[in-house]
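Which chain is which? They are A, B, C, D and E, in the order written, and residues in each are numbered from 1.
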Amino acid sequence: MSVKILTKHFHIKDSHKIDVYISDGGYKQAERALKEMKPEEILEEVKKSNLRGRGGAGFPTGLKWSFVPKDTGKPVYLCVNSDESEPGTFKDRHIIEKDPHMLLEGIIITSYTIGAHESYIYIRGEYYPQAIRLQEAIDEAYAKGFLGENIFGTGYKLDVKIYRGAGAYICGEETALLESIEGKKGKPRLKPPFPAVVGLYNCPTVINNVETIANIPAIVEKGGEWFASLGPEKNGGTKLYAISGHVNKPGVYEHEMGYPLMKLINEDAGGVIDGLKLKAVIPGGSSVPVLRAEECDINLDYDSVAKAGSMLGSGAVIVMSEKTCMVRALQRLIHFYKDESCGQCTPCREGTGWMLKIINRIVSGNGRKEDVDTLYYIAKGILGHTVCPLGDAAAMPVMSFIDKFRDEFEYFAINKKSKVE
Amino acid sequence: MSEVIPIIIKILFVFSCFLSLAAFLTWMERKQSALMQDRIGANRADILGFRAIGLFHIIADSLKMFLKEDFVPRRGHKFLHTFAPFISAFCAMAVFLVIPFGDVLKIGDKVYKLQIADINVALLLLLAFMSYGIYGVFFAGISSHNKYGLLGGLRGAAQMLSYEVIMGISLVGMVMISGSLSLREIVLSQNKLLFGFLPAWGIFLQPLAFILFLTAGMAETKRTPFDLPEGESEIIGYFIEYSSMKFGLFFLTDFIEVIVVSALLTVFFFGGWNIPYLTQSGFHFPWGWEIALSPIVVTILQVVAFWFKVFFFCWVQLAIRWTLPRFRYDQLMGTTWKMLLPLAIFNVLITGLFILIF
Amino acid sequence: MSEKIKVTINGKEILTTPDKTILQVAEENGIDIPHYCYHPGLPVAGNCRMCLVEVEGARKLQTACSTQVRDGMVVRTDTPQVKEAVRQVLEFMLINHPLDCPVCDQAGECGLQDYYMEYGQYDPKFIENKNKKSKKATPIGKYVILDQERCILCARCVRFTRFITKTEEIGIFNRGDHSEVDLFPGKELNNRYTGNLVDICPVGAMTCRDFRFKCRVWYLEEFDSICPGCSRGCNIKIYYNPHRPHKADGNRVLRFKPRFNPEVNRYWMCDDGRYGYKFIDENRIMYPLKGKEEVYLDEAINSFVSLLKESIPDRTFYLLSANSTNEELFATKKFFVDNYKLENIFLPDEDIFTGDRDDLLITEDKHPNTNGVKAIFNILYKDLIKLDELRELLEEKSISLLIVNRHELPEDVLDFIKENGIKLVYLGTNFNKTSKAADLVFPISVFAEKEGSFINVDKRFQKFSSRLEPLGVSMPEWVLFNRLSELMEFPVYYSSYMNIFKHMISEVGAFKNIDLNNINKYGVLVEL
Amino acid sequence: MSVEISVNLRKKIDEIKKKFPRDKSPILPLLHAFQDEFGYISVEIEEEVAKIVGVSPVYVREVSTFYSMFNNKPVGKYHIQVCGNISCWLRGYDEIVEYIKKKLGIEIGETTPDGKFTLSRVECLGMCDQAPVMQINGDFYGNLTPEKIDEILDNLE
Amino acid sequence: MDKKKKDLNTIQFFYITEIIRGLYITSVHFFKNLALHILHLFGIAKNKKAMVTYQYPEEKREITRRARTRHRIMKREDGTPRCVACMMCETVCPARCIYIVAKEVENPEVEKAPEIFEIDLGRCIYCGYCVEACPEDAIRMDTFILDTASYDRDSMLLTLEDLLNHDNQDDLYNINYMKK
């Protein structure tokens, strides 16, 4: 069996309870970090670990932390992004449900490193039971003195607060998330300035994904080099792969970076359902380009997937069998992006609505052959012209679906029925 | 007293004849042009639904002329402006004083010459009056305080002066042949036969003079193709600021001049009242036939013949007007001085030579 | 910021300062970058995405409105990518924009129309139904009408109410392509600058209820002027309709719009001033009145002269107006004070210090030129007389001739005048009760019909010109005093406006730092 | 029409204000609290929240209309939200939602006449491993089949 | 001059022959038409036309269906004018013969309608630009009413009522033109 970092407590009963966590060696690293290490040392370890942001963009975490300006006189904030709304993604939910204290320990270390005394966990509004569980964990940690004033007797002060979203995919975008915490509409901000300089309440802010933060205790424990050794070059550590769709055993599987995709589908997830043939895979959550079955022979790390013309994203693998109609599948996706577009900037606001109207028309049997080109044209018009990456996220699947399954779209538009159904 | 009454009667007769002919020409011009152009022409004026092929337009026109506002430009010369049309009309009409429209009328023992005044220098009088006509045009042009009027007036004056010369010289030949300046004498001189059958009309004796006179005469009337002083499509000419009956006079003068030119053509080149082979006792054809007629019938025939010839030349002039386009101004002046004047002088020389020889 | 940096836009090297954005630098140098959400008077939003430009080294196209210039930056606005991007963004903007330009009052000065002509997708691909929104042509305040369907969500209005008036009435509700600009249910716009929303709206989503449908904007012509609504002296443009008199009941002036002046009003003006233009065309005195009858000007002037000659200066009383221009006041002073030797010349305080003011533009003093009166007549605020006390004053000084410039006299004064047979001469632009009670009325042209200058509350001397003809025989006051001077055989005679203006700035001490040849378009500060 | 605030809610409000003291941050938690209490966010509630936070009500309305979880119309006692995104759709969303529609006799976005159920379609609920999924008033139900739906809905009734 | 003028030959140079030729042509027309007219008076040879013109009020020339004739304003189904007073026609009109004053309409779908819509036929040059410019297809020039002459200027002014007074959508060619 491969190394488990994030899921190592998952099998234990009541793993979310603080006592269980402590008995399994929890909060040791936080204590050690606060008492023995300097923030610079931790930062150095994290940089060495090649840990890349697990939220989707894959930005090196250590680098991100180092952007925080020192001595601005303003407080520094840590925001943990748990607004896990990308279709196909559910790994953060597993961490929060089964091991919230690992996350909290990570938060303590991270906050200490960047000098934050206040930390927000932005959890999506739909995760109501999970929010309750996390709140329980925080309360337990406060009771033990791991949070609050004078942590571990070091005099270090940290408050962790949960902020519940209310159903907006866009709040997963870091600046939109900040806006949301500030009590506004989740409309992404213009960058620059980046949140590391001007973030929450105009103060320097670090925003990291839950999975990223949960990796921190292990890095502190075993050192950055060990972590970096786990995956291929520039891709350190293990990754939670969330697999869903037409597979027999959907779920979260932890593997080292660079785990082969076909192995994940066939071995971990138990293969495609009903023994059907594989048709397509979306390897990193709905917003990344789709891969055809024959392109799926790749390793799952940021660089390899990018080489194959897609993105690892959040590591959410969505598997589609040969029975899947790609037109209808794209309709679902466009519907999602149209629904979740914040409406701030023009191309995304109008473009997604327009794409939905066209694909709805195709699906309802009123399509024309030109519509496929129009769809592609609109997607191209959105791509790269928006404030935030949601526009790109909406455009990329459309372009890749049409690139790779154009025959199916044209068949539907001309013959008014699906090619596979 | 008994001298005066016949003259008054003759004046009334002549004036009623050519004035009604002038009025008739206003209608005829329209109708003729219409027929030449496959149109139907003026036919709208009606009295109780009766249209009389447009003849009522003459009445309608004159009514309109009389009823319209009489207008003098604000900065125009009021006296000259008013006076100019009268000069024009008067000079044109005065020519008829000397035109013989018949031989003589014998009633009982009285013999009346069918001519208002038989003056022995009639030709000079005639040319003089026609020259005076220029004043009308010129005054009209300069009194209007209008640049188009002025231009028209200048053009008119230059044109009329130039053609006046041709007109005079072209008639010298006929004067030489007849040996008189009296029109009556000139007509009478044509009342014989050449080679026994050809009437000794000016046209046969002086064909070149006929063409020259016709051209100059038409230029005198300032009608197409010599209508540069008016030029409807460009400057509207010397009477641009005229309205009502003052314009009417110019308009009428136009037609009177047509008749004048026709009458002069008749007198000089078509034997005036002469009808070939008709003598005081009746027709004497060269091949021997004779028709005896009473003198009064002969006189009537001659008068009718005169007016018929006049009418015919009116028709010809109108036809030319609606056939030819307008000259350019340089062409107009070039034609007079470079072509017509040498030809006219040449004509005089040739005539002199012939007279000398025969 | 004296530090200069070098930026290259479309191959043109530009020296500028680093505190500016690409869009500002481009605009200063005559390079047109299309934009909707950017407005120089508002914070940057960057949401319309029209101002995309190519910045060398950047992976994606950048918004010119939000990207600050750096030294050595190379920007291109004319590459095919930029053009294609702008065209597509414009197309996105238009897909849900209703095609009701024929109805829309913005047509003719609409950002969408303008840019469509330049960047438009002339081969439209959109064949779906347009989104319907909840408010189509709904009044949202006294002066503004909202049409959500025409809105392109540039959020200029939202930012205006948030950052300029700080009244925060407008928000963008819902999300995605159902986003709509609206007020909170049951509320309406209740700030005093709502007209600016109409100005800043780049499309026809917010149109003016007052101007609505009166006239098409392309019929209008404009000239620069100064708002006479209060002593702020906001710089305005007057839009008038010279060629189509059948519109708007024949009124010439149809609207005021603010004109940029960084020292006075920036980009804005208040509703009171903006919609206070109606007096220019309505209820005007056009011809001199003697008693109640219209008379020829000569006759009226002769009557005035005989009145002046009958009354001795001690028994004559002149009420100045702070609506007169400096030149008029100067002529008044020349005529009445210097030549006629009048001492009873006063400025009443009418509605100065009403307490109606705010921090943005509106001032208490509702006259444009109170400072001008101060400068020319050396009157201090404490010297102002109160109209309520006018009656006692008239009685005390046993006045026989009262000359009123534009004021509305209180009822008791009018009664007093009637009872005591005081002759009342009224100089004014519009009819009021006083003009109706006057023995002699002279028509004075309004500010929009004459050249002149005002001094605003901050002692800023601002000139204005005119392109309107005076209505009837109305004329500037100085022309009237000129005629009177002639008949009274006084020495001063002004042949033209420039004449009097030159004389004024050379003679009035407060104007000594005005340079005749170079009067700043933003006005000159004078010393009072 | 003013909003009556219960003692419990008042306590919650104070707590939230203490926890998120800065700027407009309390708006979202407050709206959550009010929605828990009243079931939906009415215009009056928005004004009330604005008063509590001390901002213009426009801000609150912007927020409450922006986030999909805040209902701006009254909903039934049980708000059934069926995930319609790709993973759930791949695993049979269409049949599930058809079944619920038939069972309750309503279309998406409607409320049953007795005011008990409101059916709506939502985007990904983050439960793709148990697709197809629905959420009823905060509780998740995964691996749905018609039989399971019967069981769940019947238990609610 | 691009084309060189044809040089006159010797005979033409003297002009006389050419004048006679011209006179011949015109005279032939004259006498032929004179004869025909006289014959027509007696009802003979009516099938031979003596003229190419039409005697307008009595005879009418055939016009095509696309001819521009007097204007009309189209109606909506409820009878209100389709015009929204956008002033496009007023703006484009080179003769400035259109006068529109707009008013507001309660219905937000319509919003704007003409209060005054007048066309001064005395000024109109029938260029048809207004029809081209109209974005609502509200103004058309297809009434086939040609005889708009009048004795005073006021009656040349068509009001909105006049312009709306037509049978909507029907074949106005047949109604107004052919049946006369």
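Basically, contacts are C-beta pairs under 8 Å (C-beta built on N, C-alpha and C of every residue); 3 or more make two chains touch, one makes a residue touch a chain.
For clarity, every value in this text was computed on a predicted model and none was experimentally measured.
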Chain grouping by contact, computed as though chain C were missing: A, D | B, E
| item | value |
| --- | --- |
| Partner chains that chain A and chain D have in common | C |
| Target chain B, source chain A, minimum contact steps | 3 |
| Centre-most chain [mean C-alpha coordinates] | C |
| Between chain B and chain D, centroid-to-centroid distance (C-alpha), Å | 111 |
| Intercentroid distance (Cα basis), chain D paired with chain C, Å | 51 |
| Where chain D and chain E are represented by their mean Cα positions, the distance between them in whole Å | 69 |
| Centroid distance [mean C-alpha coordinates] between chain E and chain A, Å | 74 |
| Sites on chain C at which at least two other chains make contact | 172, 174-175 |
| Residues of chain D whose C-beta touches two or more other chains | 59, 62, 66 |
| Every chain pair meeting the contact rule | A-C, A-D, B-E, C-D, C-E |
| Chain D to chain A touching residues, read off their complex | 19-20, 22-29, 31-32, 53, 59, 62-63, 66-70, 84-87, 89-91, 122-131, 135, 138-140 |
| In the complex, chain A residues that touch chain D | 84-90, 92-93, 124-129, 161, 163-169, 180-186, 201, 242-246, 250-252, 282, 286, 316, 318, 320, 324, 328-329, 332-333, 335-336, 339-340, 342 |
| For the chain B and chain E complex, residues of the former touching the latter | 32, 34-40, 211, 316, 319-320, 322-324 |
| For the chain A and chain C complex, residues of the former touching the latter | 168, 185, 190, 338-347, 349-354, 357-358, 361, 374, 377, 380-381, 384-387 |
| Parts of chain E lying in touch with chain C, wherever the complex brings them together | 84-88, 90-91, 99, 101-104, 108-112, 116, 135-136 |
